[in-house]
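Quick heads-up: structures coming right below.
Both of the next two complexes hold subunit A, though its partner changes from subunit B to subunit C.
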Partner chain A sequence: MIAVDRFNGGSKTMTLAGAVGIVGLVLTAVGFFTAPQPTMFSYLFGFTYWLGISVAAIIMVAIFHTAKAKWITILRRTMETMGSSVFVFALLVIPLLLGAKYIFPWVNHGTDWVFPGTDGVKFTEVELHHLHHKSPYLNLPFLYVRQAIYFAVWIFVSWRLRTWSMEQDTTGALELTVKQRRFSPGSLPFLALTITFAGFDWLMTLTPLWQSTIFGVYYFAGSFLAAFCVLTIATVNAQGKDEYGTLVTTAHYHNLGKLLLAFTAFWAYIAFSQFLLIWVANIPEEAGWFKLRIEGAWKPLSISLFVMGFAVPFFTLLSRNLKLKPRLLAVVAVYLLIMHAVDLYWLIWPAYSPQGPSFHWTLITSFIGVGGLAVAAAMWQARGRYTLPVKDPYISESLRYVQP
Partner chain B sequence: MSAETKVLDSWVLAEFATPDALVDATRQMREKGYQGMDTYSPYPLHGGSEALGLPPSRVPFIALGGALTGIVTALAFQTYMNTIDYPLNIGGRPTFSLPAWVPITFELAVLLTAFGIFFGLLGLSRLPQPYHPVFESEEFRSASTHGYWLSVPTAETTVKPDDIKNQLTSLGATHVTVVTGEKE
Partner chain C sequence: MSNQHTSTLRVPLVSEERTLGQLTEEICAPMERKPSRMWWVAFALAVVTLAVGVGMVTYEVSTGIGVWGLNKTIGWAFDITNFVFWVGIGHAGTLISAILFLFRQKWRTSINRAAEAMTLFAVMCAAIFPVIHMGRPWNAFWVLPYPNDRGSLWVNFRSPLLWDVFAISTYFTISAVFWYFGLIPDLATVRDRVKGGLKKAVFKVLSFGWTGSSRTWHRYETVYLLLAGLATPLVLSVHTIVSFDFATSVIPGWHTTIFPPYFVAGAVFSGFAMVLTLMIITRVVLGFEHLITIRHLENMTKVIIVTGGIVSLAYGTEFFIAWYSGNPYEKFTFMNRAFGPYAWAYWTMVTCNVVSPHLFWFKKVRTSPAAIFVLSLVINVGMWFERFVIIVTSLHRDFLPSSWSMYTPTVVEVGTFVGTFGLFFTLFLLFTRVLPIISIGEVKSVAAFARGSHAPGHASHPAHGSETPHEHPAEAPEPLPTPALAAAVVRKDMPV
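After this line comes the complex of A and B, so read on.
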């Protein structure tokens, strides 16, 4: 008989997160009616931050199934829950699409666009010509269709894997594991393409005449790291009744720490790959995006992002002792989540404020608004279920896991 | 006789049937105060180093030394060659082009880290070791196929080899022998 029962706590967290989310979104709406453009950019920031974590969690589950991983089984339900909150974003994307003309210069072929932070500078004739060539992809109807495809894939994969996993909690049927293991590798190409194009659509087309094929991977790399941070923090804090945190051993935390280290390095590697090729080639159509960020007022933030986002956490996480201490690891995870927010700000905000870093209060309200709703949705999905796959055939192996 | 005792030493060798028995016996022998023991198994042994009470590995520090050497060497070389000794204008890029030097710096850091780990581990393990007294035992060959062995040096204890043998047998050793050979 299993000692862990279904999880019924967390109602306080859920109510609080939901309330914070609604207040944040209401304030953001107020912001929209006073200053639509900065509010839409802020909303994009909050939306891409939290959605990335949710989708990365789905991809994570699929990857671990594909690798037939056993050690992670105890943590899998939390990843499934994080991914299950993706349905909220299918609603939250609607304001983004309705306000597309405030953030995406390519709307209406760029003819209406006035560059923010300038005295009415518009696209030149040549630029409009280039934008017109891109219009088969960059048009609003196709954008809507693409969003529908992305969310269909994410919701379906998340629902499918999670439903099988929860069904196993009651039946314990072994073929459910086989189903998950088979379904996951097939879903990965779809997940990879949707997150890549989502990154293109939401972040890269803020500068529609600029393109970088690695951009989607960059957005994914940052989100994937952030998802591991959330997983670490959730695990450290899941110490209550019927929560799985008490069953997690030092070996699991060691692995989480190693994954944090690996994906800090991966994010930096992708960031630098993108930068080096564009910097070395120095082609006008590519260089502009980086010129804005590495020269002038954005330069200090770019340099500190490299130091604080890569160098500091990388050398901190090299320590083996730190990775064996859950509390310290959670502190590093919180730090990395802040750095991920700075990273997204660095991606988004120069399009709104090319003259230099600036602050708009809706950055905070949309961040906590979207985040509050996402956390509340995840808590709602977690309640009434087991916090770990209790009848998974590998659960006992996962509980006994030691470092090889 | 006195000349012989200076160059020769004895080890008690014990074979165990399972890795768990080996780890368990190793731990108990260490708790009895034996020092300088070593374990031998055909594949990495779970809990072996903990049972032997080995200190944390020094390999990470050697690796870090390798990485830093690689970074400093690569940056210094590229700066000297491209900026100081023979500056060339390549596509209008500055002669001191730090981003362009990162790949070589990264590669050299990785290479010297790998060298550091590989040769550092060999050195700390005192390998390659063409001769060790335990090789005198014919049965010890099973350590590379299916046997789990423990060696206890007699030089670091006053307990008689026969008593050590008895202790190992009572801990579950399936085969116990004493080997004598030249000191390491």
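After this line comes the complex of A and C, so read on.
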């Protein structure tokens, strides 16, 4: 007999992750006082990486409730926990907002902005004129308001779904399932809008005179894939006492593998659509963003992103054998997480270093800093609770799931 | 496929108790009895409409495409609008048959056959438009790249129109193979039921000597899964390429990076609307209400809410970026869409595509076939207007105000479009007469007896109710007292 009780382990992981996070953030703060601009770009990299995963997990829970998916019930608590760490980011966004002038050229209508990596190049008169047109959207107060809206939506949806889910652990009330399934579809339009505009705000406006309608979808696609990777890794490693990993069947891993394959392809599809349409039309106001990345020093990275980010994992994940082996699948998931980091670096860093890929040590410290805190927050949320929704009406169906 | 544990909370997909034999009888009945008067009336109407279309196309081909309302500014209008409209309709078939199959959505079983057939017919209707727009359709084979004696004149591989040729011909081929492959077991069923004569001989050939042995079934299911996997990328690729027809250009309103996923979502949106239109009629006329239940209709309306939502998000994003870009041409195009001479078309589109699907949030609407039928027609109209708005409003006021113009379709264009509906319904009506329109073999796998020991008791439950446990508290599994016990109940090795 397998008994599952409330999860009380993980304190070591939590402490370690928290310590790493704090050390990372302190070092990043040190970096800020020595070299503010690269540090802020690095911080944006760490922030968007981990926040994307957290928000994608919230969207995932909402999607699975909407689809009334039953096989995934056993994995749902982990997704809820991943999403619950979003509150940490509501605090972590503050440095980003305070240091906005170091990364966003549009701050103060672009008049103060000096392009990094150049010898003092500033916006031309015409460019300033275009920027001025965007100022109703691109201004700091409105940016703050938008962040508040995004986080309000994310925290509320995540809290609402998770609280109902945990309440069911004790009461087992079937109404709670009904409530979650009613609430989720209604939340999806808001989640879609917020992630789209968050992608615009944090990543697209780094190049304020460039725009692409698909950009929000691109950020979502990468983050969604990364969230599945984290879910896979968490599941493979949840083998301890009271952890749900021991109850997961091969069929669950197979499905996770298939989802990784599908979203690797989806990310590539979105990336390719954006690239092809801008490259083929080749109009001056759009082409610059890609010209920077596909010519000169950034070219090798762009090519390797296509090969390593799409071709290699896609053909690897086609293997059925691999998807049935949890350890191997976790290795692929780690690999995909690294590729997602490369993807975000490729999105962000050329704005700081147009002359070519470069490295700043704060990239590492802010990545582990934000990540450490996010993981610690998730572990903190997981402790004292069940690692799977034990009284969900569909839990037995999920535990017995086999490939049809 | 039935060794899976199924919760008793699930509502059966076949809402009335039927034996295997009864299911076969029922599904084969329409093709074995004499056509009803209703069918003849509908068929006559469809053929007359088709004849109108044939007449119009004959006139157009013999006279030249000058009989259309196109002009120098608007060189692409009704024909391409109709082409995109029909290709979009075709998407639901592949989505239902391939993607829903991969997602193991068993409710697809009673609608996939008809939806796939609809796909094939819709793609045929779509293909007519580019071919007749060539002016000399007898040269249509020139679009195929092969070494030739026309001064070695090659197709332009850089043109998305050529990619369309490849995408759509691939799509049609795979859809046809997938559809036919799924038909084979049912063709054998029909073969075995026919007493003799020509019909028997035909079905004998068509069913490829199907024996129904478990080895045959095993291979069949493997191939079916592989075909589903191959067809899945096509759901995305076809409309992606169609969107490239516009988005690779530099025309404001056409060139925007969100076009590929947005067109795909729009295609699924319109395709499901068309499946609903057809299925609601079919289930009533043929008495299949227990096979194509309200639950099926409800699920399809939910897909419509999602895809409609994606389409609305894309409209919004496009509008926002048009302003945000600060590009005066882009801004003008969008303002011109909303407030220019074609504003009526734009607001028709918004009402039909953005507003009307939200009525499906209400359960009352989702479970009323009449309401769904009306809304499905509204969405079809809206999606036709979406293509019209994108195509005509972007072209009619271009960069040079002196070339601004208006476009009005001529009788010939309208007649051709109406004619394609004639073709579509003629083919669909013939399909209901000559082939089993529901997959007999697959429906049996979701019937009550395939659901294990508890199922028959529940099989008589009407599917009209909600499947939420809230409204069926009696069906709840025994509450799990303690988590430790919960784990005991969920042992994987004992059947419960």
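The rule is short, and it goes like this: the second predicted complex is superposed on the first by the 402 of 404 C-alpha atoms of A that agree within 3 Å, B and C clash if a C-alpha of one lies under 4 Å from a C-alpha of the other, contacts with A are read in each partner's own complex, and residues count from 1 in each chain.
As a convention for this text, contacts are C-beta pairs under 8 Å (C-beta built on N, C-alpha and C of every residue); 3 or more make two chains touch, one makes a residue touch a chain.
Just so you know, these numbers come straight off a predicted model, no measurement behind them.
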{"item": "Side-by-side fit of subunit B and subunit C on subunit A, or clash", "value": "clash"}
{"item": "A:A377 touches, of subunit B and subunit C: first, second, both or neither?", "value": "neither"}
{"item": "Contacts of A:V402 with subunit B and subunit C, given as first, second, both or neither", "value": "both"}
{"item": "Touching partner for A:R320 - first (subunit B), second (subunit C), both, neither", "value": "first"}
{"item": "Which of subunit B and subunit C A:A17 touches, first, second, both or neither", "value": "neither"}
{"item": "Touching partner for A:H133 - first (subunit B), second (subunit C), both, neither", "value": "second"}
{"item": "Partner chain(s) touched by A:V86 [first = subunit B, second = subunit C, both, neither]", "value": "neither"}
{"item": "Touched partner set for A:V280, first subunit B, second subunit C, both or neither", "value": "both"}
{"item": "Partner chain(s) touched by A:R181 [first = subunit B, second = subunit C, both, neither]", "value": "second"}
{"item": "Partner chain(s) touched by A:L347 [first = subunit B, second = subunit C, both, neither]", "value": "neither"}
{"item": "Comparison of subunit B and subunit C by subunit A residues contacted", "value": "C"}
{"item": "When the two complexes are fitted on chain A, the stretch of subunit C hitting subunit B, from 99-107, 207-215 or 459-467", "value": "207-215"}
{"item": "Contacts on subunit A seen with subunit B and repeated with subunit C across the two complexes", "value": "276, 280, 402, 404"}
{"item": "Residue numbers on subunit A that touch subunit B, as the complex places them", "value": "272, 275-276, 279-280, 282, 318, 320, 402, 404"}
{"item": "Touch list for subunit B against partner subunit A, complex", "value": "44, 46, 60, 64, 91-93, 99-100, 102-103"}
{"item": "Interfacial residue positions of subunit A with respect to subunit C in the complex", "value": "1-5, 66, 68, 70, 130, 133-134, 137, 169, 172, 174-175, 177-178, 181, 185, 188-189, 192-193, 196, 211-217, 247, 249, 265, 269-270, 273-274, 276-278, 280-281, 283, 285, 386, 390-391, 393-397, 399-402, 404"}
{"item": "Residue ranges of subunit C touching subunit A (in the complex, touch as defined)", "value": "1, 3-7, 9, 104, 233, 236, 240, 244, 247-250, 255-261, 302, 305-306, 309-310, 313-314, 317-318, 321, 324-327, 467-470, 473, 476-477, 479-480, 483-484, 486-492, 496"}
